[in-house]
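What follows is one structure encoded as structure tokens, with my remarks underneath.
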Amino acid sequence: MRKLGRPLRWGLIGGGATSRIGPTHRYAARLDGKYALVAGALDVDAPRGRAFARDLFIQPERAYDSYEDLIAAERGRADPVDVVSVVTPNDSHFPISKALIEAGFAVICEKPLANTIEHARTLVEQVERRRGLLAVNYGYSGYPMVRQARAMITAGAIGKVQLVQAEFALGSVGSMSEDGTANWRTKPDIAGPSAVLGMIGTHAAHLASYVSGLKLLEVSADTQTFVPGRQLEDNAQILCRYENGARGSMWISYVAAGAWHGLRLRIFGETGGIEWVQEQPNELLVHRLGKERQILTRNGIGTPSEVSSASRVAPAHPEGFIEAVGNVYSDFADAVAAKLTGTPATYPYPDAMDGLLGVNFIDAVLESSRANGRWISAEPSV
Amino acid sequence: MRKLGRPLRWGLIGGGATSRIGPTHRYAARLDGKYALVAGALDVDAPRGRAFARDLFIQPERAYDSYEDLIAAERGRADPVDVVSVVTPNDSHFPISKALIEAGFAVICEKPLANTIEHARTLVEQVERRRGLLAVNYGYSGYPMVRQARAMITAGAIGKVQLVQAEFALGSVGSMSEDGTANWRTKPDIAGPSAVLGMIGTHAAHLASYVSGLKLLEVSADTQTFVPGRQLEDNAQILCRYENGARGSMWISYVAAGAWHGLRLRIFGETGGIEWVQEQPNELLVHRLGKERQILTRNGIGTPSEVSSASRVAPAHPEGFIEAVGNVYSDFADAVAAKLTGTPATYPYPDAMDGLLGVNFIDAVLESSRANGRWISAEPSV
Amino acid sequence: MRKLGRPLRWGLIGGGATSRIGPTHRYAARLDGKYALVAGALDVDAPRGRAFARDLFIQPERAYDSYEDLIAAERGRADPVDVVSVVTPNDSHFPISKALIEAGFAVICEKPLANTIEHARTLVEQVERRRGLLAVNYGYSGYPMVRQARAMITAGAIGKVQLVQAEFALGSVGSMSEDGTANWRTKPDIAGPSAVLGMIGTHAAHLASYVSGLKLLEVSADTQTFVPGRQLEDNAQILCRYENGARGSMWISYVAAGAWHGLRLRIFGETGGIEWVQEQPNELLVHRLGKERQILTRNGIGTPSEVSSASRVAPAHPEGFIEAVGNVYSDFADAVAAKLTGTPATYPYPDAMDGLLGVNFIDAVLESSRANGRWISAEPSV
Amino acid sequence: MRKLGRPLRWGLIGGGATSRIGPTHRYAARLDGKYALVAGALDVDAPRGRAFARDLFIQPERAYDSYEDLIAAERGRADPVDVVSVVTPNDSHFPISKALIEAGFAVICEKPLANTIEHARTLVEQVERRRGLLAVNYGYSGYPMVRQARAMITAGAIGKVQLVQAEFALGSVGSMSEDGTANWRTKPDIAGPSAVLGMIGTHAAHLASYVSGLKLLEVSADTQTFVPGRQLEDNAQILCRYENGARGSMWISYVAAGAWHGLRLRIFGETGGIEWVQEQPNELLVHRLGKERQILTRNGIGTPSEVSSASRVAPAHPEGFIEAVGNVYSDFADAVAAKLTGTPATYPYPDAMDGLLGVNFIDAVLESSRANGRWISAEPSV
């Protein structure tokens, strides 16, 4: 941001006082001082949104009642927002992101990018056509040890990748009930065609390909709905075929009763393997054929520089989820600043194509399960 | 053994000086003093077998050159062996076990029970017809915490079971190469139709049903051979459907490069879940919906008596694999002694039917994989 | 901050481009949006400090060459800084903090608060006399599970406390050598009378009393210097006597070769115990006499509200060191804002008295070691 | 045992039906087939002892009513016992061991070897004078990873040893109460001058020296009695000075409420360190200055042969406490057989001198605590 000489001006759509994920976006954006929150349409309940904007020290004139208002007003300002985050339920990701890109704003969108492949593909094309910038918040990919695993595998540390095992299986009180607080995450009109696959499965699928460096080619799946009265799937067992003959599986669940989290990635190649578990994110277990296991520490000895730059504090002082999402925000800020100052470069944030791949993954899994496990392509058609 | 007033007279077929699993059988049999090794046909190389018998303090006259010799000679003795363990490569499990049962001996057979469903079914029928006793060495089922998990689930501790996730995935130098010491485990003429499924997959499948209390109904599988020149599969990804609507998956592998072991079982029900990992076998992690996790300790507070009887030392003094197999041996000894003293009862060792289920499992997984993942019944046909 | 209607204006002394701990203060201050960095005297190398101030978007006129300049200029402004953090080597903590308090600013000071008991006591008295606000950055006390352990113990969850075992033992390349980058941490003219005790021992001592709720009464110690050429101690073994008959020990080390961190706290009472390890800070292991162990999760079921307010994200999404220090900053911001708006209240940040206790602890340990382990009082004299 | 051509004839004193530690001795002795239990004086309640002997298949004529009877009768037999284990309360260790050695039997004695230094020294001298064989059951030293740690440190894997941290701190229902089942372990007339130091402290002290290779020179201690009505100490905090300038501490406790076990050893040298925890005995964590940590697996890659011979099953199949004690039994059997066949050699079992060192350790800790922490020599006087 040095060349730009100021933080980015940042707007927020959604993420109001009752939002679950909104705070994470704000923590992540604040962490490195690269964003200044100056505008927002924070809530579908407009007065509540304006009150919350005041708590966030947003000037009242930039506390908008809708995303349309935000776009219209900010376009007319001399100091418009540079970036807008979309932190709303799934069904609005597409129209809001589309309007923002159209209006020339950089966008950070929650996952899934859209509720249909067509919408996701439209966003990919639009971003390309408008030379826009869009990040999808696959925040787990910001963890330093995730990036280190990717760097190690790219460098051949485990040989040719053969096996990719990913899991995201939890079962908190909230995810195991349709009662209580209305939960849009399992309602098809808002959540889209999928519940657990969209909310957490896309994270696992993104990580699996991001770290292994391999495209997911095909899936064979069995999805279920265990919670009575639920309209969408809450568990999915998936077999996977990747590029270069690699195979694997995924287990995605909202009904692993009592499990708090459960994001785990294991990748094995011809000469070794890595294990990463989100609940202990600062460590990476490395298996090595014919040698003893190693436990790598975040920012430890020999960390590649592109990975150590994703660390903020000394080794063994734990970093966490906010820092991981902060890395996505930080990389995207750098990309936006680079564009604003005419010095574009490549930054490792998940982009619109990653978003499309996630929507494709959801679609393929659901289709395979409907076809009783037939292998279905998970690649975007051209 | 109190009523019998002596240890069982025990014979061993296979398990010679170069056997990998032979020592475990001997440690397990010695542990509780219920077996006295008095006879053996220990090696296909007869002189080597006799030399080894001497090291084991077997009388020379009872060190036989073949299992046929052992059967013939022991039948003629006043003090014949009561039990014989079959610790040979897969292809001989069936003929040896058959001959032993026919001759009236109790049998402990290594897994898989046989190389074909027909053979396995024949043994089941023969055991029933002859009122014989046969145990299959699913030794992991002897771990106290495995039995405790089973007891808890039976008692409703996690509610109705919905998810069963089992893994047995390793990748040692030996399992990842066809070179070096000739390894019959991957040769179809000896190992049978399967490598990794038979050698370790059957353990995972047995544990999954044993602990969950649920029959495996159907599988959809993708098996692979990664090691060049290998004739049988060395990795299997399997989706599972169990009784009562429960679902799950299994990952069975010889090519998780650098992983030492990798037997793990996780079962979730409507209100909680259990996790057990063989590398830390004295603990059981219990998830509880709406409550904090617990770590149960072997033989700890509130252990059910049928489980605590499977423990030998005080809580937190670790027990291991020998003790687990020792529990299978101990239970089977009790069953044999009970029969000999005319007081038969039920003991929790894996029996011929469990052996048949394992062979069925192998067959169904291989058939599903050949059919590109079609769901195949894993239940024995009547 | 709602009543104040703006973030606090924040100044920074030290924490320049080469500072190790400076970034943590900035991350912590930014996290909740309660501080706006507007002024600084960032470096003893004034031009380097001004350049770095520009990178931090501090206005050039408020990038000062010395702390004296900062105080003088800010006192004259209509919008002076509200709070100043002192992030400099040990020997300057006292004069800078003294001058800031004298000038009426709230102060966040790195530990140890001072290099002598007299200086520390002076600051305590001055804060009291001036009704000032001063926090010492015992940042580990901000971890939610540390606070939960304290809350549980206060509520009687483990009965009367009997044993307090604390450790902070690391041995990184930096801490195990006098070569390479000049390291003021082991030089008596800057670091003061102690190296490892001051830098990390004070953290352990603070946590031990903070969580147990018990004053440290006496110590019996053996300190050593293992690294050749080092002038101050780099290892300390300490026996402790606490209030109410509780006992314990501390192990504080810079020479646990290859250990990355090593802050661990275990407290046992009459009916149970807690274990907390900084490298897995989101969990608390709870021992319970006659019951099974529990693993508590940050922000999990039944977290007391004064503890859950120290959490920022959902359970099992890890939080880390930045968030812990962020809690000290957040609590202190609330205290400062409360004072500014005339509504003072109590907030759980470590204060000047906690700083004095740390300096006392250092002094007592060193004196005991010089006296070959004689028990020495660790309580401040009145 | 090959040269001897038979198992050793083994006798047992104590270890009756209600003994806690008796079963472990029998499991350990049986494991390798090197011992045949043929005689016993199992119980102070003679009829109960004879009944139990029958359960163990001991011939009635060799089920003795007292150790004196056993010695007298076995000395007169053509096939007397070769080895006798002493598994009785502390106060009888000395007279029984003395009588056995005097009668020419090899002895395995529970720890502590004796209740006074004089008695222990007498046994050392007597063993030497009679060229007898005596092992003390410091069974934890039989764990393969303990032996591997020792072998690594001897070979310089962590450089010159500087720090030795040992703990054995538990707090089960039994250890935290004087009520319920009469517990001789805390009664001075039977247990001797110490409770927790003798019962578990001697284990920690033995391991610390065994693995580090360093003699304990001096201790400074603070012992306490927390349980009301208890006559002996139940907690000890100890500072240690070893040979070559190494330092350390020990924490020995019966009142770590709810902790199941708690034997942990950490040793750091100039270039690295090792950590071993009995509850996960098949792993060894290795810290390496400037490198990443390793987790060594029992019997894994590169295990020294003198260590791998202490393993019985394949890597990652857990072994436990019975196998550890089994290694002490196995080594001692080899020593006895070697003597019987006239080919004596050295075997790594803890001997009478190790027993004396343990009694010395107890004495020094108690004396230091009585002297309010004065440093006391822990070395045997000549």
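Order as written gives the chain letters A, B, C and D; numbering starts at 1 within each chain.
In this text, contacts are C-beta pairs under 8 Å (C-beta built on N, C-alpha and C of every residue); 3 or more make two chains touch, one makes a residue touch a chain.
These figures come from a predicted structure and were not determined experimentally.
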item	value
If a chain touches subunit A and subunit B alike, it appears here	C, D
Distance-maximising chain from subunit A - centres being C-alpha averages	D
Gap in Å, rounded to a whole number, between the CA centres of subunit C and subunit A	34
Averaged-CA centre spacing for the pair subunit D and subunit A, given as whole angstrom	55
Intercentroid distance (Cα basis), subunit D paired with subunit C, Å	43
Contacts with two or more other chains, residues of subunit D listed in rising order	172-173, 260, 290-291, 293, 297, 300-301
Chain-level touch network, classified as line, ring, star, complete or other	complete
Parts of subunit C lying in touch with subunit A, wherever the complex brings them together	2, 5-7, 20, 23-24, 26-27, 30-33, 37, 55-57, 170, 172-173, 260-261, 278-282, 297, 300-301, 312-323
Touch list for subunit A against partner subunit B, complex	158-159, 162-163, 165, 171-173, 176, 220, 222, 224, 226, 235, 237, 239-241, 245, 247-249, 251, 253, 255-260, 266, 268-273, 286-291, 293, 372-375
Residue ranges of subunit D touching subunit A (in the complex, touch as defined)	290-297, 300-302
